[in-house]
Each structure stands twice: as structure tokens, then as C-alpha cells.
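Take a look at the structures below.
Same chain, two partners: chain A is paired with chain B first, then with chain C.
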Partner chain A sequence: MRKPVSILLLCLLLLLLPVLGSGGYLLNIIVMIFIFVILAVSLDLVMGWAGQISFAHAAFFGIGAYTTAIMERDLGTGFWVNLPSGMVVAGLFGLALGLPALRLRGHFLAIVSIAFQTIVYLALSQWTSFTGGQYGLSVEPVPGFQRVGQFYYLALALAALTVVLAWALTHSRVGAAWQAIRDDEVLARAIGLHTTSSKLLAFVIAAALAGGAGVLVAHHIRGVTPDDFTILVSASIVAMVIVGGQGTLWGPLLGAVVLTALPELLGPLASFKLVIFGALMIFMIIAMPEGVLGAWVHRRRR
Partner chain B sequence: MDSFNLFLQFLANGVVNGSGYVLVAVGLTLIFGILGVVNFAHGEFYMLGGYAAVTAAYFLGWGLLPTFLIVAVALGLFGILSERIVFRPLAGKDATNAIIASFGLSVLLQNGALLVFGAQPQTLRLDGMAQTAFQIGPVFLTGQRVLIVLATLVLVSILMLVLRYTWTGRALRAMAQHPMVAQISGVHVRRVSVVTFAVGAALAGIAGGLMSAVFMVQPTSGSMLVLKAFTVVILGGMGSVGGAVTAGLLLGIIEAMVSGYLGNELRDMIGFFLVIVMLLVRPQGLFGRITERS
Partner chain C sequence: MSTQSLLQVQGITKHFGGLMALDDVSFTVAPGEIVGLIGPNGSGKSTLVNILTGLLVPSSGRVLLDGQQISGRPSWQIARMGVARTFQMLRLFPALSVARNIALAMQHALPSGDLASVLRLPSARADDVRTREKALEMLALFGLERFIDQPAAALSIGQQRMVELARGLATSPRVFLLDEPAAGLSPPNVDKLIEVVSTMRAQYGVTVLLVEHVMRVVQAVCDRVVVLDYGRKIADAPPAEATTDPRVVEAYIGLGRARHA
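Now for the complex of A and B:
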């Protein structure tokens, strides 16, 4: 019974953090961690549970962010309308990509998702009249959540919701079907599972959640630029899932915390930040291929 | 008549750009076909080749051939080093891990280059390099551009001869066709792995050096190029050198036509659309084998 207690303590700490008078800088980083928790946990549904690789998560993240920015500009709608809209739009793009792409496997799927990611990035950066090009668009803060201490709770709530949703999904029949497909797709089909629609479901849910994270980030940093949604961001989210340990729920969460906080901890070495980040990515993959959490669980079992 | 001359000029520009794609994609397709590694850091090999050429020309001031010999050797060694440090520990593991590691390497090299060489784009200047412009019919091409096409022609021909007629080449092809049977027949897997990375990195480096004379080299030079080279690899069929040559030239020409007639914004995007269509219609690529290995 140690686990529920420590989770409860962690929740309490997270709830009290802004009240305890933490600085705006720290809170800003933690909000970014919440956003990447949504991204990593949702991508894990596709990678860790349904066993399909995708390097397009930052594209859905960007589609969500640009949906809210463009809707605010053209329709004047606010966060609470744009959040579901961003999720639906990203989910539809997920459907449009997944429908043809999920017939492919392994490297081929990876490369189609990379192609999609690149097309979205190029569209965002070059369709200047619609997306604002390289300069991007500005976004208004959410009414009632203007201060970072307030926005913190909004991001915390949405991240927590995502984790709960992912937990519920993975412990349902749907999750069992995903695992069956991940472990042996042919066998899964043989026992009568609808593998394509199952995979598609994982893909669309993950894309929609990434879209939601995009809406959140747009209102957090009060603007969108294409460079926040590059393939490097996609690869970082994949790295979070793998470094944490895919298919474990807590692993991707941990991966998101570590890889988002890490560059900030390297503050004094700012110019070496990305060099160290890259080196660490290589080191962690080689040293702990099953993820930090996986390695830890492994050691405890022995 | 003028519009036809314009078409020819677009065509020539396309062949020049396409040649650069060919040199990068050939190495990428070898590394993929033989080792099954999707190497995202390949664009950084290209970028480092550009800097190696600029640096060698600046400090040594030798002619064309010695400079590019240095580039090839330096990048070949660098490829061996990356294979040893990054990719060998991951051999036989889940393919996703190698992709992530190569992303890490790409980030590391790009930002390392930023620290060492700075963000300012640099150009390769060599005395031995013809500064004259060629005129073939209505088409104008500078010496550097003609050199890119010639060098690609020579290097790819040599590569194909080596693959066809030497023991090393046979070992490489055997690995690509069936790794286990190759191993049983006495092919030294590690040596093949090292040779593949050395050759791939050297070719990408030479491409980077040649291109840095026309377009400038900067730390991010390779990041879009590697993605395009991947489209070439897919279009040509993974692991097929001939396919990479054809598809690389084709992509260069298509891009030149699209940017000439439809607008420059679509230029970079077209290849990625082609890839998605190709993978859905004919996943084995233009020249790929139909059978899929497990």
C-alpha cells in the first residue's frame, strides 16, 4: 500500500506548489512539463500499447495550436470552444494519416509519419497568409487563468485527465486489444480482433490529445511559431516515451518530466544545452534500452 | 522557343540538385539496405563534409582533388567512429532505438557545429575550381555546378563497379539480401557494417563539400536534406543503389519544375507527398524487391 500513499503525497505537493510561493520561472517549466506529459502519455498509447511507431506527434501538437490561434483570429472564439475544436481537428488529421498509413509497418510507417510531419511543418512555415509564416500568430491568454499560478492548475487538470483517460483505456477491452496487436498482429487478427480499426482508434485518440496539448501550449506561451512543432520535437516526444519505458504509463510520464526539465537544469551551460541533450539521448538509449522505469523494475525483480 | 529554353534551364538545375540528392541517398540506402539502420544523422555527415572542405581549403589551400580526398577520408573516419560509438551497441536491438540514437547524434552534431563554426553561412573557395560558366545550347551552368554532376557520375560508377566485382562489394550485397546466410558463408558482419558507414559518410561528405561551393554551408544545412534523401530512398526502393540514383535525379528535376512553374513554396513539399503516395501504392519503391524480409 505504499504506492497509493506516495501518489497522494505527490498530488498534494503538485496542488500546493503555486500556493507555497514558487517563482514564476519554476511554474512555467512545470506547465511545460504538464504539456509534454500529455504528449508523451498519448503517444505511448500508439507506441507502447498498440505497438505502432509515429514521428508525427509534434505535427498534431502544432495542428491543435494553430487551430486555436486561427480560430481566435478569424472567429473570435475563446479557449473553451477552441480546446475541443483543436482536438477534433487534430483527431481528423490523425484519421486522415492513419487510414492509409496504418497498413504499413515498422520503418515504412516511421517514414510516412516523418513525411507527414515535414509537410505540416512546411505548410505552417510557408503558407504565410493563413498561418503567419515564420513569425507565427499571437494568442490571447485564457480569461481567469492569465497568471501562471492560475494557468498552472488548468494545465495540471488537463494533464491529470489525460493520465486518467490513458489508464482507463489501457485497462479496458480496447487496451487489451492494443496489447494483442502489439504482441502478435497476425494472431490478434486470427482470434477475430478488428486490428485496423483498433490501431486507428489509438492513433486518432493520441492525435486528438496532442491537439489538446497544442491548444494549451498556444495559450501558455501566447503565440504559435512553426519552429515549436518540428520533427525534432516529435523525436523528443518519442525519446520521452522510450527513455521512460514504453507501455508502462508511468514511464512516459517520467520521461516527459526528465527530458523537459533537463535542458533547464543545464542553465549555466546554456550554449552546450542541445549538445548535451543529444549526447544524453544516445547514452540513455544505449545504456537503458527498456527505459529508466523498465531498468528499475528489472533490477528490483532480480 | 523561349519557354522551351527556360524548360531546359530548369532541367539542368534539377539535374545539379538531383546529383547532390543522389550522393547523399546512395549512402543512406546502403546503410539502410545492408544494416537496416534508419540514420537521421546522415544529413550531418553532409553538413560536416561542407565544413571539412571549407576548413581544408582555408588552412591548406591545396587544389581540388587533394581537398576532396581529405574530405572523403575525414568523413569516412567519422562514419566509422559513429558506427563504433552509436550504432554498434544497438545492432540487433529494436530498430526504433537506432532511429532515436541517430536523432540524438544529429542534434549533437548540429549544435556542435554551431559552437565550433558559428551560425554564419560559409562558402568553399578553391583556386582549382573552374570559375568559368559553361554554355551548352541555351543552358548556362557555372563550373561548380557542372563539377557536382561529373563527380556524382564518377563516384556512383565506381561504387557500382565495386559492389559488382569486388569481394567487399559481394559481401555487402550478400548482407543486404540475407544477413544470416551471408554470415554462414563467412561474411564478416562487423567489417561490413564499418565499411558501409565509412562509404556512406564519405559520399555524403563529398556531396556536402561540392554543394558548399554553390550553396553555402551552415549547421542546419543537412536537416532538410536528410529528410529529402529519405524520400529518395523510399521512391527508389530501400537498399537499391540504382533506384536511389534514378529517384534522386527525378526528385531534383521534379522540384526544379515545381518551383519553376507552380511556385517556390511547393518545392520542398512535393517530395514528401510523392513518398506518401508511393508508400500507399507501391511500397517497395520504383526498383525495390517485392518480397519483404522479416
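Now for the complex of A and C:
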């Protein structure tokens, strides 16, 4: 009984936060947390549930962000057209990468995803005539959501939708097939599961959600630059999933909250953010491979 | 001929580089029949099992199921066409519940699609209820109903073998391929296995291809045995006859060793 009550209280707090007169600084951080919740929860579908490693999540994030920036510049379309467009474009890139890459496993898949991430970064930073190069592109705020206190609700709604979607997927036959592939792919095939299409589905959905997060971030920071979508961002999302607990849904959510807020709390130490993330990830893989939430659930069951 | 046999293995040859693992092996299995596939270690049994289940592609020859070619197809397609299997090394998803292990094998045949399942439509829920009932019915055959919500890893090896059988049986397979089901079982469990395989045919009319080392099992349940030695079929006869065949005796005892030397 206590769990629903505390969740309800948390929801109420999240809804009231901007009204309670929290400063713009705090709200801006929380919007970034919502965006990284979308990224971590979607990557967990690929990593934690379907068991496939990907270091390309920031590439799909960037593809979504640049889709909205370029569409706004060239077509004059706004957020509500660009959001589904960014998701579709990122999803199609996910399909194009996943079709050949998902034949590979483990380290090989990781290497291919790193290559893809690098190619996307190079295209964003070097194709100046189309992407604006290192200077990036500016993006207009979303009408009706110009103030951070308003944009907050947009980001909250999309993060909540992502979590609901991820919950529905993982608690369905689709999620069951993902777990089967993760645990024993040969057996999964032997009992009649079409493992290639299952893995591809996870990959495409995750890429599309990351693309949606990209559209959101572009309108939040009102611009895009290639350096917002580097492999270090991909590695940070992987760290959120691993630290929180792969395949637990709430774990990556927790990981996104903690690892997005952490650099803000570190003050001057924030420039060592990636060192700390790296150390944390190594510690977690050795000491708590199931992540914080995984270990906690495990202990409670005993 | 083709109307009488459900599974037709036709001239299967498989070589790995210069090594001939299977050499022109042919046999058939009739509907409702229990056929044993035996042979000393390295005789090509596992290679044949891997070809029948789509893990390997034969160098030449083909396998037909009810007239349709299955050799060369991927294993998920072969499973969907009605060939269920168990594994020599015992294979379940250890972290998943027994119910989930069985349900996953039935998943591809459900009328409601994956989208219906994600959206929790009534049609998908109804299918899930039926799946669970079927799993329960299968587990009841082995007296394992109470383990339905346990993770598979919590069961003993003998019980896990039975779950593997329940998993295959739940899909109402046209051919059930049992790959050394007695391996690692204690003698009382071997008795249970014999009883269960016989029940499977009596109650569900399942056609079985049984790969087995334990002769007691083969003698007790098989109508016919196919004997392989060095990749060749050396006998195809009822168990009593096959086990007294001089070539089979030679393959299994002393004389065979002289050829290695």
C-alpha cells in the first residue's frame, strides 16, 4: 500500500514544482533530467532487455535534434511537426544501422555502434552547409512553452509517456521475447522466436525515442551543436543504465536522475564528471553488476 | 511412401572440411512412431540433430516434414513448422519462470499479435490465460504444477528436463526431437522418463525421434532404431533386432577400437 502512495506524492511534487516558485536554474536541470530519463529508459530496452550493446544512443539523440533544427530552418515547420519527424528519422537510422549490425554480437556490435556514432558526429560537425558545422544551428522555442516553467511540463509529459511505453513493452510478449534473446539467443530461435526482428524492434523503438529526446533538447537549449551529441554523451547514457540497473526499467530512470544531477552538485569538480562516471561504472560492474536497483530488489526478495 | 512418413531424411551428407560427419544417411519416421537414433560417440548423431533443427545446413541431401523441405531453413522457421526439441545439455531460460519458459515456446502460434499484447487488448489477455492453462496442463503430466511460478533455475536437473519436455509438448509438435533426455538423470528419473515418453504418444499422439545413449530407454520406448557409425547408417530395425546385429555390436564394443589404432 505504501508504494502507490509514495509514487502519488512524487507525481504531485513533480507537477507542483514550477508553481511552487522553484528557480529557473533548478527547473532547467530537471528538464535535462527528464530528457536523459527518455534516453536512459529507451537505451535500456536495447541493453537491459534485449541484451544488445550500443554506444550510438547520442547519435540518434543528435539526429533527432538536427532534424528539428534543419526542418525549422528549411521548411519552417514547428515543434509539433518536427517531434514525430525527428522520431521517424532517428528510427529509420536505427533501422539502417540495426539491419546489418544486429547480426553481430557483444564486442563486435559495440564496435559497429561506436563507428556509427563517430560517423554521425563527423557528419554533424563537418557538413557545414547542411548542419552549420561546429557553430551548429539555432532553434526557436516552442510557442506556449517559452518559459522554462512551461517547457518543464512538456518534458515531464514526454518522459512520462516514454516510461509508460517502456513499461507496456517490457510487460508484454515483446518484452518476454527480448528477455529470452538476452538470456539465450540459440534457445530463443529454437522455440520459434524470430530473434532478428525482435532485436530490430528494440533498436528502432529506442532510436526513435532518442530522436524525440533530441527534438526536445534542441527546443530547450534553443540550438544544436555537434558537441552535444558526442560519444561521451553515449557513454554517459550507458553509465546511467548500468549504474541504475539494466533491465529493471526504474533503475535507468534513477541512473538518469542521479548522473544528470551529480555534476551540478559537484561544483568545481564537475570538470571531472566523466572520470567520476567512468570510475562509478567500473565500480558498479565489479561490485553490483545488477545496478543499484537490481541489487536492492535482489536483497528484498531474500 | 510420402503419405505414410511424416519425417523423411533423404541422403543427408555433411562434411566439415575433410571430415565426413554424415555420409548419405536416409530414414523415415511415420506419424505416431517413436524412432530411436543411436550410435557411439562421434557417429554423427549430434550433427544430424543440428541439421534437423536448422543449426547446420547439410552439404547435400534434404529433410522433409510432411512433404515440405525443412533442411536449410533457420531454426525458428523449423520450430514454427512443428518440430519441437529438447537439448542434450538441457536448455531453459534459468532466470525466467517455468510458466514463462513454456509460454515463450507457444508465443509464435497465438492468434493475437504482439501489438495486441503491448496494448493489453482482451484478445491478448484471453490468449495469455489459455497459454497458462495449457502450461499448467502440461506440468500436471509431470506432477510439477506447483513450480509454475518458480524460476526455472530453482528446479532440480531432473525437474528441469521435465519442464523441457512440457515446453515442447505444449506446442503440440508434429515431431518431437529428444536429444539424450536421459543424460544426467538418476535411475528413478530414467524410469519416469520412459513412462512420460510413452504417455506422450498414448495421450497426445506425438511422433518422437529419440537420440539416446541409454539403451534401457531405447529398448523400452522405441518402435524402431536407426544406428549410425562413422556417419553411416548401419542398421534400421526394431530395437531387439538392431542390438543383436553384428555390425551394431561391432560398432559398440571392442572391435571398433581396432580401427582407431
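Observations
Quick note on the criterion: the second predicted complex is superposed on the first by the 280 of 302 C-alpha atoms of A that agree within 3 Å, B and C clash if a C-alpha of one lies under 4 Å from a C-alpha of the other, contacts with A are read in each partner's own complex, and residues count from 1 in each chain.
The rule is simple: a contact is a pair of C-beta atoms (placed from the backbone, for glycine too) under 8 Å apart; a residue touches a chain by one contact, two chains touch by 3 or more.
Remember, predicted model here, so these are calculated numbers, not experimental data.
In the superposed model, A:271 lies in contact with chain B only, and not with chain C.
When the two structures are aligned on the shared chain, A:173 is found in touch with chain C, with no touch to chain B.
Of the two partner chains placed by the overlay, only chain C lies in contact with A:193; chain B stays clear of it.
Put chain B and chain C next to each other and count what each touches on chain A; the higher total goes to B. When both complexes are overlaid on chain A, the residue A:280 reaches chain B alone and has no touch with chain C.
Shared contact residues on chain A (touching chain B in one structure, chain C in the other): none found. Across the complex, chain A meets chain C through its residues 168-169, 172-174, 176-177, 179-180, 183-184, 186-195. Those residues of chain C whose C-beta lies close enough to touch chain A in the complex are 53-55, 74-76, 79-80, 84-85, 87, 91-96, 100, 103-105, 107-110, 114, 117-120, 124, 167, 171. Residues 32, 36, 38, 40, 85-86, 89-90, 93-97, 99-101, 103-112, 115, 227, 230-231, 234, 238, 265, 268-269, 272-273, 275-276, 279-280, 283 of chain B are the ones touching chain A in the complex. Residue ranges of chain A in contact with chain B, taken from their complex: 53, 100-101, 103-104, 106-108, 110-112, 114-116, 118-119, 122-123, 126-127, 231-232, 235, 238-239, 242, 271-275, 277-282, 285-286, 289.
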